[in-house]
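Next, two complexes with chain A in common: one pairs it with chain B, the other with chain C.
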Partner chain A sequence: MWDAVVVGGGLAGWIAGIRAAQRGKKVLLVTEGVGTLFYFSGIFDYGDIEGLRHLPKHPYTLFNSEAIAQGQHFVQEICPEYIINETPQSAFTVLGTVRQGDLMPRNMILPDRQEQGRFVLLVPEGLKDFFPEVVIANMAREFPGWQVSAKRMRVDALAEWVKLGKSVSSIDYSAIWRSEEGQRVLAHEIEEIKRQYQVGNKPQEKIVVVLPSLVKEYVDFSRTKPCIEEFSLPVLEMSSFVPSPHGRYFAEYLKHRFTDLGGELMIGARAVSLNQESPSENKARTCQEVIVNSKGKSLCLKGKKFILATGGLLGGGIKVGMARKSIHEGVFDLPLFVPKEWSEPQFFASQPFAQIGVETDELMRPLDPARGEVVWDNVHVVGRMLAHWDPWTQRCGGGVSVTSGYVAAELV
Partner chain B sequence: MREISTQVVVIGGGATGVGILRDLSMRGIPALLLEQGDLAHGTSSRFHGLLHSGGRYAVKDDKAAQECIEENIILKTIAAHCIEDTYGWFVFLKGDDPNYLELWLQGCDQVGIPVREVPLEEGFRLEPLLTRKAARIFEVPDATVDGFKLLWSNVKSAEKYGGTYQTYCKVQSLWLENGRVIGVYAEDLITGETLRVRSEIVVNAAGPWSAEIAAMSGFNVDVLKDKGSLLVFNQRLFNRVINRLRVPGDGDIFVPHQTVTVFGTTSHTVELPDDHQVDEQDITYLIELGQNLLEGIERQRIVRSFAGIRPLYESVEDQDQEGRGVSRNFVIIDHQKMDGVQGLVSILGGKLTTYRLMAEKVSDWVAAKLGVHTACRTAEEPLLNEQSAEVWDKARQLIGVAAADKMMERLNEQAGAVVEAIARQPLLGQFVCECEMVTQAEVIHALQDPAVNSLDDLRRQTRLGMGTCQGAYCSYRATPMIHEAFGGWERTVKEYRLLLAERWRGITPVLWGEQLRESELARALFLNVLDLKAEESEG
Partner chain C sequence: MDSRDELAARLDACQKCNMCTAQCPVAKVNPRFIGPKGLGPDMERFRRGQINLDETMLDDCSNCKTCELTCPSGVKITEMILGARRAASKARHKNTMGLRLGLRGYILGRNEYLGKLGVIWPTLTNQVLKIKLVRLALDKTLSISKNGPLPAYGKPLKIQPDKVGIGTNTNKQVVYFPGCYTRFNEGDTGRILIRLLEHLGYKTTVPDFHCCGLPLEANGQFGKADKNGRYNLELMRPYLEAGIPVITSCTSCGLTLKEDYPKLETSSAQLIGAQAYDLFEFLWQLHEKGELPLDFQEVRASYGYHPPCHLKAQGIGTPALRILGLIPGVKIRNLDAGCCGLSGSYGFKAEKYKKAMKIGSSLFEAINVGSQHGDFQSMTTECGVCKVQIVHGTGIPTEHPVHILAKAYRLID
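Then we have the complex of A and B:
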């Protein structure tokens, strides 16, 4: 019997699992895959918290400001490279445009636009889905007072491969940057940049090296052991495209954080149904165990609390069948809020279908929308499984997932 | 106002129009084709992609069936690169009308459609998803045809013979003088410039827009605008065209196409020539009908839906018929006979399969009027020149066999330059679109064509954006090329938005299952990872 069984290994699930384990609880995290962290840009968005709290039923209405702040501090606590600021910070997207973010790694935070200086974009040869000309043009547009230049570079280990016209993924490059050879090459390139731009006795220009797919954070627990060498010039990370090196190392990091705290992990297992205490009339039911399919075996996992973090539409926790005749939540078969209007004609608009999810009480226990009663007494719903929000247009994906995961862990 | 003169103006850049342009050009008749959008943006790309054997019309419309089988054989020779010779099956289900089966076999025999009965066991082995309710299976020479490729091959061939065309150029009115059409007024939709084109003959080949063109001068042509809706599945569910052997109706054709399957159709009369909206009811209706040939169809992944308008000609005897009852034959209207005005001819009805024949007949008419006696050669001369084996080999070495073959078919003799570019800079061989295996070098090449004015035009030339990702990845991967070709970031963002908006129209009616998930991913990529601004919703 676990104190908590967390179903789903995305951001909200990991946060819930780690926090509960940190509180000394016996926790099991069951996940089918790696969740959507592989699409993680590296930046947590919280959005306009106060504005969103005015939207009826938005997940933020379930939390007080204190809980939201606690969640943020928890991220910083487990990953000290993330900096909390009064005002949002900015970072480069993979296309060199500037995007805001509420919680991002120290190495990603852009310098002040009012300053003068020079960006030198290091362009690793053959990096897939990376377009230096566009990045340079965008950086120059975004930072009018700055000089922008590029320096192409290659890594010996990849030279033959690239010569054949094969591209190199950002995941591969980030692994190289964490290796000794990669560090040596980078240090050498950066030293050359320094020599090139800091010649003679002309007044010192501020030089910032910009490098895609460098992921310097998530060090201690990811066990991938990068060198912690400091370079001779400041190096700025760009946020990630997919598949995301930030997501890859962050997921790895969270996993080790969790298991180091004594959390138990079951990967490749799909939760499919549950067993309950014999239901009594007019009373919220208690879930006793979830049934999990793994390698052809079925396992029953008993817990006091269950945290549902299966990632909504994108994560696969909500399945929508042909012609929307069947729409269901895959583990507990929870009642769902399903918007009447399904989509907007503009693709980039806030989409009604994004609001699909589980309605809950303030303890994130699932409600039956028709009767407004709690369905399961010991189940808490977190992250993208919650109803009434759109992470992409409201820009609060990280905020809702971290906060709900954190708060659920406090309830264990 | 810019003024040009030519001998013949062809209105409409669909299959018929480009076929006429090529035919006239091959006969040495100077011609200019004007198209209001991109080539093939209308009916010629909004169909199931079936090259008919004639089997579908064998019972009711023997003339159409006859034309189909003859043209089927011709096109398989002259346009082999646009056709996948899949063959097609007519599947007779348990409980279907045996009388119809008899009539069908007789009909096929009469018009010369070769039919082979496929033993059921072989049938189920070759097409494992085919319904076990199948009682008899007959094979006919149906095939699949790529409408975009066919059209582009026609215009490129026409250009070699001196033919010219202008896309995004909308005819505003016919130029009439003394009871004679002596040209057209048109607007260049990109520059806003007005164009006056003087010509001896104007050919109205505007498909669903034909009535609108004729009506500009008060002439009436009876075009029945019949909308057909189709679904695109994410994979090849069948390897042959699968028809149901019964009176032609809705939802009875599956057509495998490259990496997807197209399934249709429906039939509703509509008012507007560009009413391409697909109703959700039509989709549920189609899925229900699809069960007859493919059980468990509801578990398959639908990528998108689309609709096209069949411009059917409603002859006097057809007047009371609905869309399915109207003949698939075509008709040439000489407006001198009909309206007493010289110099204007309209071509109506027909099918993509018979586009070449329609073009031949119109061109014969035009040639006779102009006193030109050169015979039509389009039935013999292939659309594609012999490919250079050297270029082909080199392409295969650089980007692999499948990708090279696709590229060679798309680019024909222009492939040499693209192959050279990849040889010089191998990383240009990276794929922008993985479904259609379109390389960066090919995109750069396509963008040099003055007819490519948007990412959406690029889609029609290369099929980029038509696969499972529906543009989410390939529009991102086209970024450096469109940034360079169209000049700058704002335009690049606009192109993303336009392409994704266009794709979205076809996705929203089928927004469920894995495609819904894919759409959430696309939103995450563009709104979060790439940080594009959200749009205000209309409501």
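Then we have the complex of A and C:
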């Protein structure tokens, strides 16, 4: 009997699992694949928390501001490189445009626009989906007072790739930067930049090196040799693009935090249904076990609490069938809130389908929207599965996932 | 079949997100490998148009199944690649591999016969395989790497005839599928496992099984693999029909029994999936029923644990850690630092040896760092060849977790 069975290995699921394990609970996390963290930019968006809390039924209305702050501090506790600030901070995207974010790694935060200086964009040879000319033009427009120049570079370890004319994914490059060889090459490049721009006539110029695919965070010194050295110039990371190196390393780091705290990971297994205690009249039902398809047979996983973190339409928690408007939640078959019209013609407008999800009470227990009653007593719904929010236009995806995961873990 | 399964079957579920390629241990070290997305769903469209690939490229896939575990859309990528290899091996036209690689595949797939030969005089075989000139000759003639950690042979595990007979107290009876590695290279592990099951009150039968078929499949010998599967299923049939569980201690044999055998066209194929258990999965089930004795003696030792890829692919979590966690004194650290690189016989191949070592490098680093920190002194893992590769890559002693449990039950020292 597990204290908690978390279904789903995305951001909300991992946060719930790690926090519950940290509280000394016996936790099992069941996930079919690696989850949508591979789409992670490296930045947690919280959005306009106070404004969103005035929207009826928005997930933020379920949490007090203390819980939201606790979730933020928990992220920082797990990854001390994340900086909590009163006001939003800014970072470069891989296109060289500037984006705001609420919780971002120290190495991503942009310098003050009012200052003057020089950005040197390091362009790794053959980096996939990276367009230096576009990036430079965008950076120059965003920082009018700054000089922007580029420096192309190559790494011996990838010589074979280059010879074949094959592009290199940012995940493969990020692995190089985390290796001893990559650190050496970078140190060398940075020394050259320094020589080129500082020895000249303007010794006072502030120089900031920008390197796409660099991920300095999420290093686990109990499993890797320490080799991150400080460079002689500041090096800025850019936010990640799919498949995301930040997401890849963050997912692995969260997995190790979770299992190091005694949590158990069951990957490659899909939760499909549940068994319940036979309900007495007019009472919320209690889930006793979830049924999981492993290879060859079904496993019954008994738990006191179940945390549903299977994601929404993108993560696969909500399934849309071929028949018109056929839609359901895949594990517990929970009732879903579905708006009358699913889409609206303006592509970038807030799309009604984004609001699809499970309505809950203040303890994130699923509600039947028709009757307003709690359906399952010991099931908590977290992350993208919650109804009535839109991560794209409200920019609060990280905030809702972290907070709901953290709060659910406190209920275990 | 739900809507997701239909989609997965139709290959359109692949959204081209490239996460599988980003996680693929082979693509990371081999630029000539187009990766699981390319080799699986992308090329599948060409294959449906009867345009077939060079078989050697299909052969670059190490069959670790990491891509299937990674895919957020449930696409059966390795299955597609294996299907393509199966088709290519049948076609045998200009795209097939040369005679030398074909012969190597024939030999590496026959680990059962190699085992049977090897154990006739294990010390002699081991000495001969240690001779550099012999290894060089194997490298030059068969492209079997002269550096690869070919496992040593030992006292073989004998088959255990069914002494009780089916029908008498079947609920205290199990069939053990030891697999070639345990049978010919590490008989001790098999003997300890049988003693342990006996200690728990189970009569264990070990029929004269053939190799599970996975090494044959991995070396392109699909017809022979299926034949082995049907032969083994026929041996299991009376036990399966009586509801007797089949226990594996090798995670790759276990995966084959659970994933591949149900697809074979025999009556017992319907039963094997639900009745095949990894040893610790079986023990955990006993524990949940309150039938696992907990009279352990303290075992003061710390271990690093490596979860094999083919254990992860079974979707049962890490039951060995759950069981070992019940033993007082045992400290275990789950490293989970990626594939060891050997992948059955992949790392034995001359052109793949270095890549296999590079694949295993993050695991080796995690082991070295952990042991230097004093987190553990030795390693434990269920998979025999992972073990061989870990010892080869780090020099750290490694054993099957059943040894630790047997110590706790005072069955061995």
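Rule of thumb we're sticking to: the second predicted complex is superposed on the first by the 397 of 412 C-alpha atoms of A that agree within 3 Å, B and C clash if a C-alpha of one lies under 4 Å from a C-alpha of the other, contacts with A are read in each partner's own complex, and residues count from 1 in each chain.
Simple rule for what comes next: a contact is a pair of C-beta atoms (placed from the backbone, for glycine too) under 8 Å apart; a residue touches a chain by one contact, two chains touch by 3 or more.
Given the structure is predicted, the values throughout are model-derived calculations rather than measurements.
Student: Going by the contact rule set out at the top, does A:R195 touch chain B (first), chain C (second), both, or neither?
Tutor: neither
Student: Once chain A of both complexes is superposed, is A:H54 in touch with chain B (first), chain C (second), both, or neither?
Tutor: It touches nothing on chain B or chain C.
Student: Can A:P345 be said to touch chain B (first), chain C (second), both, or neither?
Tutor: Only chain B is touched by A:P345; chain C is not.
Student: After superposition on the shared chain, which partner residues are touched by A:H73: those of chain B (first), chain C (second), both, or neither?
Tutor: Touch status of A:H73: no partner.
Student: Where does A:N293 make contact in the superposed view: on chain B (first), on chain C (second), on both, or on neither?
Tutor: A:N293: touches chain C, not chain B.
Student: Using the superposition on chain A described above, determine whether A:F38 touches chain B (first), chain C (second), both, or neither.
Tutor: second
Student: Please indicate which partner A:R324 is in contact with in the superposed arrangement: first for chain B, second for chain C, both, or neither.
Tutor: The answer is first: A:R324 touches chain B but not chain C.
Student: Once the shared chain is lined up, is A:V242 touching chain B (first), chain C (second), both, or neither of them?
Tutor: Once the two structures are laid over each other on A, A:V242 reaches both partners.
Student: With both complexes overlaid on chain A, does A:S167 touch chain B (first), chain C (second), both or neither?
Tutor: In the superposition, A:S167 contacts chain B only.
Student: Residues on chain A in contact with chain B in one complex and with chain C in the other?
Tutor: Comparing the two interfaces on chain A, one with chain B and one with chain C, the shared residues are 36, 164, 242, 316, 319-322.
Student: Provide the residue numbers of chain A that touch chain C in the complex, in ascending order.
Tutor: Touching chain C from chain A are residues 28, 32-36, 38, 158, 160-161, 164, 166, 169, 171-172, 175, 221-225, 242-243, 248, 255-256, 259-260, 264-270, 292-297, 299, 302, 315-316, 319-322, 330.
Student: Give every residue of chain C touching chain A within the complex, in rising order.
Tutor: 2-4, 17-19, 21-23, 28, 31-32, 68-74, 255, 257-259, 262, 272-276, 288, 312-318, 321-322, 333-337, 362, 365-366, 369-370, 373, 375
Student: If we count contacts the way the header does, which residues on chain B are in touch with chain A in the complex?
Tutor: Chain B residues touching chain A: 280, 283-284, 287, 298-299, 302, 398-399, 422, 426-430, 476-477, 479-480, 483-484, 488-489, 492, 497, 500-501, 503-505, 508, 511-513, 516-517, 520-539.
Student: Please name which positions on chain A make contact with chain B in the complex.
Tutor: Counting only chain A, the residues touching chain B are 36, 39, 41, 45, 93-95, 97, 99, 126, 128-129, 131, 133-134, 137-138, 141, 162-165, 167, 239-242, 244, 313-314, 316, 319-324, 341-351, 353-354, 391-393, 395, 397.
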